[in-house]
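The next part holds the structures, each set out as structure tokens.
Okay, so subunit A shows up in both of these, paired with subunit B first and subunit C after.
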Partner chain A sequence: MQISLENVTYVYGEGTPFEKEAISNLSLTIPQGAYVGIIGQTGSGKSTLIQHLNGLLKPTSGTLRMGDLEINRKTKQTREWRRRVGLVFQYPEHQLFEESVIKDVMYGPLNFDMPADMALLRAREALNIVGLPYDEFKDRSPFQLSGGQMRRVAIAGVLAMQPQVLVLDEPTAGLDPAGRKAILEAIYGIHQEQKLTTILVTHSMEEVARYADMLVVMAGGQIVMQGKPEDVFIQAERLRSLALDVPETVSLIHKLNQRLPMDQQIPLTLYREEELERHLLAMLTSGKGVRR
Partner chain B sequence: MSMLTNFAIGQYVPAESYVHRLDPRSKLLFVILFAFAVFMANNPVTYGILTIFVLSGVAAARISYGYMVKGLKPVWFLLLFTVVLHLLTTKGGEVYFETGWFSIHEEGVRQAIYMTLRIGLLVLISSLLTLTTSPIDLTDGLERLLAPAKKIGVPVHEVALMLSIALRFIPTLMEETDKIIKAQTARGADFESGNMVRRAKAMLPIVIPLFVSAFRRAEELALAMEARGYRGGEGRTRLRQLKFTWRDPALAVILLVIMGLVGWLRA
Partner chain C sequence: MNQEAIIVADKVTFAYETDQQEKVYVVNGVDFAIGAGSFVSIIGHNGSGKSTLAKCINALLIPEQGVLTVSGFATNQESSVWEIRCRVGMVFQNPDNQIVGTTVEDDVAFGMENMGVEPSEMRRRLEEALQAVNMLEYADRQPHRLSGGQKQRIAIAGIMAMRPTVMILDEATAMLDPKGRKEVMELAHFLNQTEGITVINITHFPEETLLSDRVIVMNDGKVYADGRPDEVYREVEQLQRIGVDVPFAVRLRHRLINQGVTTLDPVLQQEELVEQLCKSLLRT
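== the complex of A and B ==
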């Protein structure tokens, strides 16, 4: 499902002294099957933007479109929209409430009128995807799990709804490195397997560099850069002025390129760790070592 | 969600104004005494004086009238109810309208207007207090005003602390509720359709996480306070001192003038 935003503006607390324009006049197209990374400083409007993507917030002005559906200020029905777009909130573990893990994961599918046996099947798959073996975890209380496990249950709860678009708001905040990687790899797996359009909000350049094929950089409620990751990473100065940074791989490429002769410059498209590694190994073993 | 944004109404709006900078103790006392004046008023002149005063108070606090009117929203039903009740039941004076058992009398209309004004004025003056005084100032002021009650064993400090913690966490809990409602809505929760039982059950996915987080917060707060050596009000000094300024005697004069006028001009 392609989603497009046209001149979307959202104002919190309209008509009160606390009025705050959180996003202004955003236009953006998210292609079918893309993996989009959204980055930006705290308060830049990322969470506000993604809550529009499944109709939780309706734009103060502007329009969103997905297939035959449309949302604007006056739209009443957003349920169908919600069925298609699964949204994992920041700190989703705070939304768990059922007595057992399996019931919590089945809550979403059942709400969207999925038959119970089907919902159970989906919940089981989803738990396995996020790395919580079904047999071990299904009957445990979600409140007795560790924070990271709770997070996975919450993510499974959205995956089990089998959305066509998956939106994640900082799914790895506050997790240990291994936990981060496990969750992101699981999500990347289903993104590739099911061609699931995926939108990842994060503060980590490393994460977007690894997974995203399109980047959106936000600042002060506006999109200040968007495009292929390499096109964004090349603007290192601009990113720094927005209190963001380039991934480690990119700064390594920059540093190496300053020392390498013109004909051996490393292209910025190799910002993914594995690809850079392969390229460097090839350079080293082909005998054209780095001159000092 | 729109339901929750309404709760922002009545919340402190920081600004620089005469009303904002009054000592909270003066404001609290003023509101109480002003309420007496409202109950003393009983004719167009006295109600007029009070209304004009409240309206200029709102202007002095630099708060828009539109926003104040929104503050009346929670009581509109009460207002409507009062109006209808008086129109239907209060008899006396000229008869304006009559069909069968139903009639509207002059006295009914008068009482309907007065009661509306009375409730409206009380709500407005007390929202003016909460709109212009930060919760901390408010509870500080209350604690100081009630300090004499400590002598007869009333736990004034503890009550004030509870109050200020409650006030402090209302917006936080509102935000939390908003977030949880959104999260469950994203998972297809439906809070509007179905019968009473179904709807009550639909609230569980909101209420349970909310309680869990409220208890977690309470525990964290208690721990943080103990870690920083909080041992109750005994011998505790204050970082922020309340100070009367020229503004406060000025307010006293204004109050005296209003009370005098109302007392003198009432029927």
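== the complex of A and C ==
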């Protein structure tokens, strides 16, 4: 499902002394099936943007469109919009509340009037997708699980609603490397399988480098850069000036290219670690400079 | 390093009890001695016992077995708890959960007020601490209007003002953006070097541990590895098997070596890897 924003502005506390424009005249089109990474410093407007994407906030001015639906300042009913867009908040495990894992995952679908047997089926699928086998976990209390498992239950709760667009706000904050990978791989799997449109907000350049096919960089409530990852990463200085950074792979390529002759320059399109590794291996073993 | 030990753990064990009255050992027979003035990083997967261990150090949790001492005060002695808490400051993960004051000044002064520091002395330390974390110009601001990195710096200033001998950062950078992370880590190293504060940094980011004097790897409640970063990160596969990542440069070199490249010496930092790669690639 394609989502587009046209000249969207949002003002917090309109008409009060604390009035603040969080996003300003922002336009963006997210194509159907894209995996978009949104990056930006704390306070850059990322959270305000994604709360618009799932219909939690209505723009002060401007319009959002998705298929036949539209949200503007005057829109009353956003239920159908919210049914199509699933949002996984930061630290979603704080919102678990049911006595068993299965009840918690079924809560969302039931709340959107799905019949109980259907909700159960969806919940079962969703748990398997996030790597928590249904039979093993369904009756356990969510509060007896590890932090990473709790978070996966919360994500399953959103997946069970079968959204067409999935928005994730820092889904891996505070998890260890194995937990981060498990969650992101599960999300990437379902993104591809169900042809979802996925939007990932993160502070980790490594994560967007691995999964995203489009990057949106925010600063001061506006989109300051967007495009394919390699086109964004090439502007390392600009990213640093926005308090951001480039992935380790990109920084390594930059440093190597400064020292290597023209015919050995490494293309920036190799920002994924495995691809860079393959390229370096080929360079090192091609006989060029290496005695074996 | 030949320093006097400031924190000594002697067979420290801690268990939680589940609803079914089963004991789950999260820290299981841990021994170590941390030298005064050192910078130690603790890494390990979620549930490996890192944070529990940290809470044992400042007597928030008392070991079920074994003894943990800070400057000679045992945490299991009721009478020592105050002494320990005055010496060990702790910065937690979520900056919003540890701000108590309505202004930056109030927040930083909170700990000192609890300790009963003289008002004139308090004023002096307040300015000094805010200066140290480079937040003096924010003294009158409301903390909730600051960035995550700024809030963590305020939390650290509050600890500084209490004149601790040990500062524990318990995943203090986990919620911050790259700039905020950098600010907090630079500040921790600065305080370690200039004030001689012993720093214990608990983290999931291996890159953050590279400048430490020592890295302790926890796994299933036990110390799995303990040494200088270059020693610890030699065992790439073993670490990855227990859910611990290694720094990027270490990982990439390791993979290249495993596929038959013989010309790369061990590295820790990215710059070292660049050096090694160029040495090989430009040797024609």
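Here is the rule we use: the second predicted complex is superposed on the first by the 288 of 292 C-alpha atoms of A that agree within 3 Å, B and C clash if a C-alpha of one lies under 4 Å from a C-alpha of the other, contacts with A are read in each partner's own complex, and residues count from 1 in each chain.
By our rule, a contact is a pair of C-beta atoms (placed from the backbone, for glycine too) under 8 Å apart; a residue touches a chain by one contact, two chains touch by 3 or more.
No experiment lies behind these values; they were computed from the predicted model shown.
Asker: Give one of first, second, both or neither to describe whether A:13 is in contact with subunit B, with subunit C, with both, or with none.
Answerer: Once the two structures are laid over each other on A, A:13 reaches subunit B alone.
Asker: For A:108, select first, second, both or neither according to whether it touches subunit B, subunit C, the two together, or no partner.
Answerer: Touch partner of A:108: subunit B, not subunit C.
Asker: Mind telling me which of the two, subunit B or subunit C, contacts the most residues of subunit A?
Answerer: Of the two chains, more subunit A residues are contacted by C.
Asker: Who does A:251 touch here: subunit B (first), subunit C (second), both, or neither?
Answerer: Only subunit C is touched by A:251; subunit B is not.
Asker: With both complexes overlaid on chain A, does A:96 touch subunit B (first), subunit C (second), both or neither?
Answerer: Only subunit B is touched by A:96; subunit C is not.
Asker: Shared contact residues on subunit A for subunit B and subunit C?
Answerer: In subunit A, nothing is touched by subunit B and also by subunit C.
Asker: Which residues, counting only subunit C, touch subunit A once they are in their complex?
Answerer: My answer: residues 18-19, 44-47, 93, 147-149, 171, 174-180, 204, 207, 243-245, 248-249, 252, 255-256, 259-263, 270-271, 273-274, 277-278, 280-284.
Asker: Under the definition above, what is the set of subunit A residues touching subunit C in their complex?
Answerer: Those residues of subunit A that touch subunit C are 41-43, 144, 146-148, 173-179, 203, 205, 243-245, 248-249, 251-252, 255-256, 259-261, 264, 273, 276-277, 280-281, 283-285, 288-290, 292.
Asker: So in the complex, the part of subunit A that touches subunit B is made up of which residues?
Answerer: Counting only subunit A, the residues touching subunit B are 13, 15-18, 51, 54, 56, 79, 82-83, 86-87, 89, 92, 94-97, 107-108, 111-112, 143, 157-158, 161.
Asker: State the interface residues of subunit B toward subunit A in the complex, per the touch definition above.
Answerer: So the residues of subunit B in touch with subunit A come to 1, 5, 8-9, 11, 13, 63-64, 66-67, 70, 176, 179-180, 182-190, 204-205, 208-209, 212-213.
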